[in-house]
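First subunit A sits with subunit B, and in the next complex the same chain sits with subunit C.
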Partner chain A sequence: MSLERRMLIRELKLIIARPGDIIKPMWFLVLVVSMVPLALVPDSDLLSDIGSAMIWVATLLALLLNTEHLFQSDFSDGVLEQWLFLNRPLAWLVGLKLIAHWLFHVLPLILITPIAGIMLSVPMEVLLALLVTLVIATPALTCFSGLGAALTLGSSRSGILGVLVMMPLFVPVVILAAGVLIRAMDGSDTLPLLALLGAFSVVAATLVPIAVSAAIRLNIGGSN
Partner chain B sequence: MIFEPIDIEISKLSCERDDRLLFQSLSMTLNSGQILRVAGPNGAGKTTLLRTIAGLFDIQTGTIRTNQLPLKECLGQILYIGHKPQVNRDLTVLDNLKFLTGSDDDHLKRALRDVGLNGYHDSLVKELSQGQGRRCALARLWCVETPIWILDEPYTALDVEMVKTLDARIASHSAAGGICLFTTHQPPQSLKYATLELGHVT
Partner chain C sequence: MGWRWFHQWGSPRWFYERAGRWQLVCGWLALTLLIMGSLWGLALAPVDYQQGNSYRIIYLHVPVAFLAQALYAAMAVCAVVLFVWKMKLADVAMQSIAVMGLAFTALSLISGAVWGKPTWGTYWVWDARLTSMLILAFLYLGVIGLRAAIQDPDQAGKACGILVLVGVVNLPIIKYSVEWWNTLHQPASLKLTEKPAMPASMWIPLLVNIVGYYIAAVYLILGSMRAIVLERERRSAWVRELVSRA
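Up next is the complex of A and B:
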């Protein structure tokens, strides 16, 4: 069996062994989306106006929640240092891990956003735009927060630090996605902004694994 | 199986960690079939030396060459087992080994029988005892064909019988032309090895 397949199978088995890892962020997303309307003026026009943006931000936060410890358990078990002996470039293995993470952890989050959208009476065409922006933008977000996780591997309270370090990279993605949502509400053309978002993800997916592998090497070099 | 002739050439290797000099101008050559025990008191730099040879730590000064090639190009020929468990607690014994070695089920089951974990294939690693977890990590020695073994404290938590089994495995690896470096504070009785004493640098 090829290493690539072994790696994907291992990730899948880890999820089956620890289902909480994906259920908790989904639960968080549902909780935010169901609590905010209770705290607001009960007005369905208002909700459908802000609903898509709210779901977007809640998804981003849920994603950060399940990515902050992306490499932590492999690092402390010593499995991560074994990657160096697997006869493959470290960046390639990191890329695989990020792809697996996106497929098994982030995609399920995106799949429940339509339900959240219906709860907040978000119009159908905006909901569609929301889904498309999430699918296009989350690879970049996953990469960035994975980089934050790798950079802070060695420190004991790594979670929030990694998010803070990566915050500046999240901002343009959120702004572009908000642009798409606003245009979708107006009914104007969203394609140019979607293309920009896509470009962001492509660049992140190609360059970030290299940076992550450097960060991992740095952390392995500094630990026993 | 017999390994191709292999050698590790270490020259003028020095290492400093946290402003403390661990070893200085260390030069040696390891050839096929050699077993080397790195000895020394706690903090002498045994783990640091092994991790440097394994390529996990950057070389500060000096060079390490394997078959005349720089270390970075030979990592695939090294099997390193360190202090950390090297296995994931939430996965089964078999799944962990399958990921790390890529061997097929029959091969792995044979290796597990050799290390006395017969019948534990589908147990989660967290359900095993300390020594059994160690056996699980060491089972890799029975199912990969890597010429260079670097084992940091492989005897920790093992019972007398497993220590003998491991000694025999290291001996047969050496007989096949492999190289083995290890550290331990309990010198193995039934194994012939050379010793490198660390900790004399002042």
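Up next is the complex of A and C:
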């Protein structure tokens, strides 16, 4: 069995052992979304206008919540140190970890957004666009918040610093995704913006693991 | 000459002594230029036919906004130097530039808001340039916060370096995406490629002030770099000698 497959299976086993890690962000998402009509007015026209944006922001926050400690347990039990001795580039292993995280932690979060959409009476075609933007944009978001998590690994008092540091870099993703949603509401062509969003995600997924691996090396105290 | 010139930068003591002299030159030069440019701009330059006297804030706002962006690029250059040549002084420069950059970004946001109230009728709009300046402020804050959170200065410097490099790759993307999103701000007051839309009596003092602010920024950064060098080298013999003499 290849190393890559064993790593993915390990991640899966970890999740089965601690299902709370997936459920909590989903729980958070639904809670935030149910606060919106309570804080605003229960007017379904207004809600359907702002609903998709609210869900996007809530998903972003939930994603940050579950990526914040992405490398923490691997760091404290020494798995990251073992990675340095494997005959694979560190960036590749980091990439695998990020893919596993996206598959097992972020994807469930996206799958629950239709329920949130129904709660905020978002129209069907916008909901579809929302799902597509989330699927395309979250790899980039996962990579960047992973970098935030890796940079703050060594400092015990960092708190949500990793999130604060990375949030400004999400701006292009949020703007492009919002553009797609607005166009979906008008019924105009969303493909060009989706392509840009996809390009951003692909570039982020290729380059950010290199930065993450540098940050991990730094915190393990290896040569950098 | 050869590599000697380059290796000198590795010596904190050499830098501390030289920077003191450079600081003196920069300080007086900046003071002269700023007094000249500001007096010229605020008192002698003609009144704008549309905005009246309120336009005169450009003699502060434009140089400061230029610097806010240029300093991020300077910080990225320092990060590259840190990773390629492992020069500790580059890390010191990164640390002081981050603080200075945040200060200039805040100044440009505040001076812009003060100007926006009489001209646009509001302190803040979600316009592209204002927004990207705000994001820039958050990026600077992130660099400062990350350094503060990590205890070991070497490790903190490298972590900040990674963050700065990732940020500098993203900065143009952020800028263009925000611009595409919403634009209300007037186009740049001064461009290198075009003749300015203002008369010479308005833009020459502006140019004097821009150069003045740049040199003032160098003065401030050198000063804070010297302080950081002293703090980091506090256990070395030359710093002890320096302190005991004072």
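FYI, the second predicted complex is superposed on the first by the 219 of 224 C-alpha atoms of A that agree within 3 Å, B and C clash if a C-alpha of one lies under 4 Å from a C-alpha of the other, contacts with A are read in each partner's own complex, and residues count from 1 in each chain.
Please note the rule applied: contacts are C-beta pairs under 8 Å (C-beta built on N, C-alpha and C of every residue); 3 or more make two chains touch, one makes a residue touch a chain.
Keep in mind it's a predicted model, so treat the numbers as computed, not measured.
Visitor: Given the alignment on subunit A, is it a clash or a fit between subunit B and subunit C?
Guide: When both complexes are placed onto subunit A, subunit B and subunit C end up side by side without any clash.
Visitor: In the combined three-chain superposition, what is the angle centred on subunit A between subunit B and subunit C, taking C-alpha centres, to the nearest 10 degrees?
Guide: Approximately 90 degrees at the subunit A centre.
Visitor: For A:M185, using the defined touch cut-off, is the partner it touches subunit B, subunit C, both, or neither? Pick first, second, both or neither.
Guide: Neither subunit B nor subunit C is touched by A:M185.
Visitor: Tell me which partner A:P172 touches in the superposition: subunit B (first), subunit C (second), both or neither.
Guide: In the superposition, A:P172 touches subunit C alone.
Visitor: First (subunit B), second (subunit C), both or neither: which does A:S73 touch?
Guide: A:S73 contacts subunit B only, not subunit C.
Visitor: Now for A:L128: first (subunit B), second (subunit C), both, or neither, which partner does it touch?
Guide: A:L128 sits against neither subunit B nor subunit C.
Visitor: Can you give the closest approach of subunit B to subunit C, taken over C-alpha atoms and in whole Å, for the superposition?
Guide: Between subunit B and subunit C, the shortest C-alpha distance works out to 8 Å.
Visitor: Can you give me the overlap between the subunit B contact set and the subunit C contact set on subunit A?
Guide: 224
Visitor: Contact residues on subunit C for subunit A in the complex?
Guide: 135, 138-139, 141-143, 145-146, 149-152, 155, 158-159, 162-163, 165-167, 169-170, 173-174, 177-178, 180-181
Visitor: Looking at the complex, which residues from subunit B come into contact with subunit A?
Guide: Listed in rising order, the residues are 47, 51, 54-58, 75-76, 78-80, 82-91, 95, 98-100, 102, 124.
Visitor: Sort out for me which residues of subunit A touch subunit C in the complex.
Guide: Touching subunit C: residues 147, 151-152, 154-155, 157-158, 161, 164-169, 171-172, 175-176, 179, 200, 207-208, 211, 214-215, 218-219, 224 of subunit A.
Visitor: Touching residues of subunit A toward subunit B in the complex: what are they?
Guide: Interface residues on the subunit A side: 1, 3, 6-7, 9-10, 13-14, 17-18, 73-74, 76-79, 81-82, 84-87, 220-221, 224.
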